[in-house]
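Below: a set of structures, written as structure tokens.
In what comes next, chain A is part of two complexes: it sits with chain B in the first one and with chain C in the second one.
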Partner chain A sequence: MPIGLDAAGVPRNNHKRYMRLLLGGVLLLFALSLCIRIASRGFQSPADVFKSLWLWADIHISRLTHGGAWLNRSALMAERGVGYYEAYGRLLISGVTFVCGMLLALAGSIFQSVFRNPMAAPSMLGVGTGIQAGLIVMALTYGEATLYMPLEKYTYCYAFALTMLALVMGVAKLSSGKRKFSVFDLLIVAAIVSQIIGGVTSYFVYGMDNSFALVLQNLSNVLNVNTEPVSIAMLAAVTALTVIPFFLMRFSFNAVCFDSDESNSMGLNTRVVKFISLVLGSLMMTAGMVHCGAVGMVSLIVPFISRGLFGAESRGLFWGNLLIGGLVLLLCRDIAFFVPFSVDGMPIGTVVDLVTLPVFVAVITGRRRTWE
Partner chain B sequence: MSALDAKIKFNIEAAEHELFRDENIRRKRRDSRARTLTILAVTGVVVYFICLFLPDNITVNAWQHNLAWYFEMTQKNISVFFNTLAGREVSSTRWHISQYIIVALVGAALSVNGAVYQGAFRNALASPTTLGVQTGGVLGGTIYVLFVYREPEMNAITYALEEARNRSLFERFGQAFFIMAGCFLMVAFVLFVARRMSGGGRLSSIGLILSGLVFGGAAGSALGLIQYYLLMNDPEGSRTYALRYMMMGTFDYVFTPLHLLLIGAPIVVCIAIVMLLRRKLNLLAFGEDEARTMGINVDVIRRIAIGVSTVLTAVIISFCGMIGFIGFMVPHVARRMVGPDFNYLIPGSALLGALIMMVVFHVGRAFGLASTIGLMTSLVGGSIFMVILVYYRRRGHADWA
Partner chain C sequence: MKLEIRNAACGYGKVKVLENISFGVSTGEICCLLGPNGVGKTTLFKTLLKLLPPLAGEVRIDGQNIARWTARKLARYTAYVSQFHVPPFPYIVEDVVLLGRLNSVGYFGQPKQHDYDIRDKALADMGIEHLRRRVYTDISGGERQLVMIARALAQEPQMLVLDEPTASLDYGNMVRVISQVKALTTKGYGVIMTTHSPDQTFMTDAKVVLLMKNAPAICGGAADVVTKKNLKDAYGVDVNVVEFADANGRIARVCAPTL
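Right after this comes the complex of A and B.
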């Protein structure tokens, strides 16, 4: 595995040490967040959590082999009590959150290397506006029932986000005519299209009743992570669709960081790579925002941190982004749960904004000025 | 005159023509810009009167689609207009006059604001909200709603007309003043943070934009939380409604001469200051270092520009709410019409902005959508801008921004 190798292939101790520390931190935080209770704000003992998860694994393995634990499951579960459901639920919640963080961080790093601009956020291509439009249409169509319709929510959100992306790309293509497709075109077109769609949607937001507005807020803030099988399947599908191509193309992303002429001369079709990476990044961003709420800041900040720790090399950055993104989002989710804002804690987006603020200040006061 | 003389004369004329060619071109361009500005100004005045005279605020059923009806309405409106000016008749026309003046001034101010920001930051995507003015406004408004706000006993328009005469200025415009103070505080905070982060030295433009983005975003999401909390716990309370409609762009509540004074005076003063700075802004377009070598104090100029723009934006969003896209779009279009010279760009954007704002407002009124004018400008302005972008780009003009 090419972690911590510099350009010449010489192992660099610092990178390896950081990676080990990071892995340890992730495992520790994951274990900690498994111990958090769901029914009340507190912790279970790690031993109980371990036993519950062991039982869960046992039941599901013996389900395949028709073993005793599967046949006797209700008694075994009743013996463990509510702690069993809490541990199992926490496992799903933490897993979903971690994967969302991974996706967001990867999306941010893709966009920053393709646009060669440290300010490029994946929501710039109108994905965020598309999701918002989808949620508004849903809230106006189904009312309060929306909160219990995960499959429809995903359908609407992904459909609107992808339509928005296609619209932006199409108009940018139209406006660039026969000339080359420029990044500036894309950004300005995306800003305008988002503004128009945002204008239409906010017209409906101003017109809607307070009850609908509350539904909309609940939908877009994602106070409690949905862990129904359909959500897990959806997230797994999107993750597989995006992370595997990204992993296979990580060498190309190194080359895209150069000028397009230079990367063309390296035998790379820059336009194809850029197009693929924009679509991949937007999909990842959509998945992160649909499953975890308005947490776009993760994709802006995490690539900075990981570039500071592991250098600008895409292959090492890949693993760094995965782990740091998951770590940051999981940490924010845990903090959010403990703030008594409502029954389910507070919206994770606010926590992400406030937690990443000091990091941002540190990044731009830092001497290295990677952002300029 | 011999043929030789004629030839010599012709040669002299040709040489003179060659000698003064650059001067001629410059003169021609200046004339054409001046002509464009005159055309814009005249169009603006014409549109102002047309807007006043054409029927508006009529329910859809009462519309008659024949020319005679329009003439009749216009004639009626003209007589009412002059009677009102002469003081012979008291009608709603006198409110409409100040309202349309306010609308034109706000359009002009927003566009000038956008032109100044785009020039001062040398960034085509900069718009008046870049430094977190909007978040500041939400901050001030939220504080007002949470701590000062009392439930109104009557409709806001009735209140502004009748009850308000007995109240002090603060009681009448408390929310606007709070929003304005919030805007100033937020921008000052962003400037302070950006300055500290750049080590007390120069304010770099990308540092400013980034800190505006991040701090504005963080404060905004924290404030959104308050709205969400109120919505969850008190869905039908008047405060919840007040927070939700706080920053909605509308001209419904600004129509008296007092409003005109409160909104118009700062706008006129600020546009005058920007006009005084126009040559320095031109030099700033070369880049920070180049401008510095030409003897411009870049930091001072940029601070003045930011200060003036903040005053403009704060006045507008505190009285009229958020009005989208005019500040972003009009400078780009005006640059196509009169060129990038601030000497012409500022009056050009002001006039064009006033024109577009009035047209959008009048169309909104005619179709009963004037209450959500901020959204209409996004929609209409965005569509116009998109068409222009595609049209010019396809013809190979690639010099936007």
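Right after this comes the complex of A and C.
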């Protein structure tokens, strides 16, 4: 029996129960994730993690008032030992991973709705190619110094991803001429432009000498989540910039799933909704890829699970995607850390692919296909 | 409310599909647009709904030209149900109907209790309350059509514009949909619909606009417009219009093609 349906195929209204279960699961996994050691394989006790994080909060609060915890911070931190740094590090890693999972799942849901296709992926408009082009331009411009310029790295990644999106939209608009601009024009143009830009970037990568290639490889090294302050600040800004508008538009966003003439006759300009959705979705996808690595599969698979639990209506899907997206990526991150593949564990992208594979199999072999 | 189209030419860009179209529909009336495939019924609909600009003439609602109206203002008067409306995702019926409130709720709003009440009334008006928790993509074509009309009613319009509401429905579903559409006029709604079945103009006692290729449109009552000669001119086939007394003793008419 598919999730959320009774024997007659009528959806059970179990949304609140699912939401409570998900919240519980998120809290449990987050707590577990905080306990994972960084310096060695294994776990800290939850009590130690709590004390370390409490100390961290105390130090930062007393910093504002020049209180005792701030003045004696070195001694206090030394007293807690390496566990303090591990707990703080895990807080950042888990937080960034969870937020990236949320953004990727929302991006996937947006693209699948706008393209009215459950297999649509947010990378379809070429943001991945844009990010790669940004890294190459930066490596060619700054050489080895690139590795020590995190702010510029993110600026280049976001700028090139958004430029790519603008280029695809602009060319698609021009190519459609006076015809009605359709999302299918957009897809074809995105495929062509991505191929061209991808070809040019491949040419540069092929012609790079070894030192440049090494810089690029280090830049693209996405085994570990980025927790530099500038990364956290940028991720927070992009999250606020994308999630808040999407939260506010979560009801009107349903209009993009229906016939555009019909939606327009309901008094909404679906072109505006689609344009906003594609820009928000591309930004979310860029953030996920830039701050967390090649984990795009989350954007494809989480909306399936979310629809199975909460139905197709965007308001329920919004919360479902947030929680399930964060949960899945955090789970994959923790699994990746424990697989003895290398010093840093397994690439998270590989774990994501393996973890999401059963869901794909369930979707393909499932009796009921409409909940896709 | 009265919706009028005056001396309008409709089409895409510079290509005129229809010319010199004039007719009016008031609330409480049904107007059927008849005509062969490709004659421009959907183009006329899109012009009425301001999805296409008229190439000549004007569309008026209560005497006001709608050319400068916003989509939001127009949506308070008219609601459109298209021919093809299978969403790619399994929406629940009550959620589909609630989308009729998009116009009132706006881009950044969320539905309130008032909107849910209107949705419930629309479901009740169409007699589909039992379907409310069903998955829209799982129900039959006729039920989907009723759901979409309920969605249009939730918009609280005065005029419904239905593009072939009985297309690809079986006979039973066709009769159910047409009887619900007819019932809407008694509740004060006006209906403009396209159809490929001239019989439906008799069933609904409608005003008829018969569109023809290379000939001016003919407007009038069903009995006056849907005649053997006009059907021959419009469709190029021989169709007899047969009169008989129904179970209530009233004169009824059906079309009987000669094969």
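For this structure, a couple of remarks:
Quick note on the criterion: the second predicted complex is superposed on the first by the 334 of 372 C-alpha atoms of A that agree within 3 Å, B and C clash if a C-alpha of one lies under 4 Å from a C-alpha of the other, contacts with A are read in each partner's own complex, and residues count from 1 in each chain.
One rule holds in what follows: a contact is a pair of C-beta atoms (placed from the backbone, for glycine too) under 8 Å apart; a residue touches a chain by one contact, two chains touch by 3 or more.
Keep in mind the model is a prediction, meaning the values are calculated, not measured.
Of the two partner chains placed around the shared chain by superposition, neither chain B nor chain C is touched by A:L64.
Once the two complexes are overlaid on the shared chain, A:F251 sits against chain C while remaining clear of chain B.
In the superposition on chain A, A:V273 makes contact with chain C only, not with chain B. When both complexes are overlaid on chain A, the residue A:A78 reaches neither chain B nor chain C. Applying the stated contact rule after C-alpha superposition, one finds that A:R116 touches chain C and leaves chain B untouched. When both complexes are overlaid on chain A, the residue A:A47 reaches neither chain B nor chain C. When the two complexes are laid over each other on chain A, chain A has residues 371-372 in contact with both chain B and chain C.
Residues 13, 46, 49, 51, 70-72, 74-76, 78-82, 84-85, 87-92, 95, 99-100, 102-103, 105-111, 133-135, 137-138, 155, 161 of chain C are the ones touching chain A in the complex.
Chain contact summary for the complex, chain A toward chain C: residues 9-11, 13, 112-113, 116-118, 178, 248-252, 254-255, 257-259, 261-269, 272-273, 307, 311-313, 315, 370-372.
Touching chain B in their complex are the following residues of chain A: 119, 171, 174-177, 179, 184-185, 187-189, 191-193, 195-196, 198-200, 202-203, 206, 210-211, 213-214, 217, 221, 294, 297, 341-342, 346-347, 349-350, 353-354, 357, 360-361, 364-365, 371-372. Against chain A, the residues of chain B that register as touching in their complex are 124-125, 193, 197, 204, 206-207, 209-211, 213-215, 217-218, 221-222, 224-225, 228-229, 231-232, 235-236, 240-241, 244-245, 248, 324-325, 328, 372, 375-379, 382-383, 385-386, 389-390, 393-394, 396, 398, 400-401.
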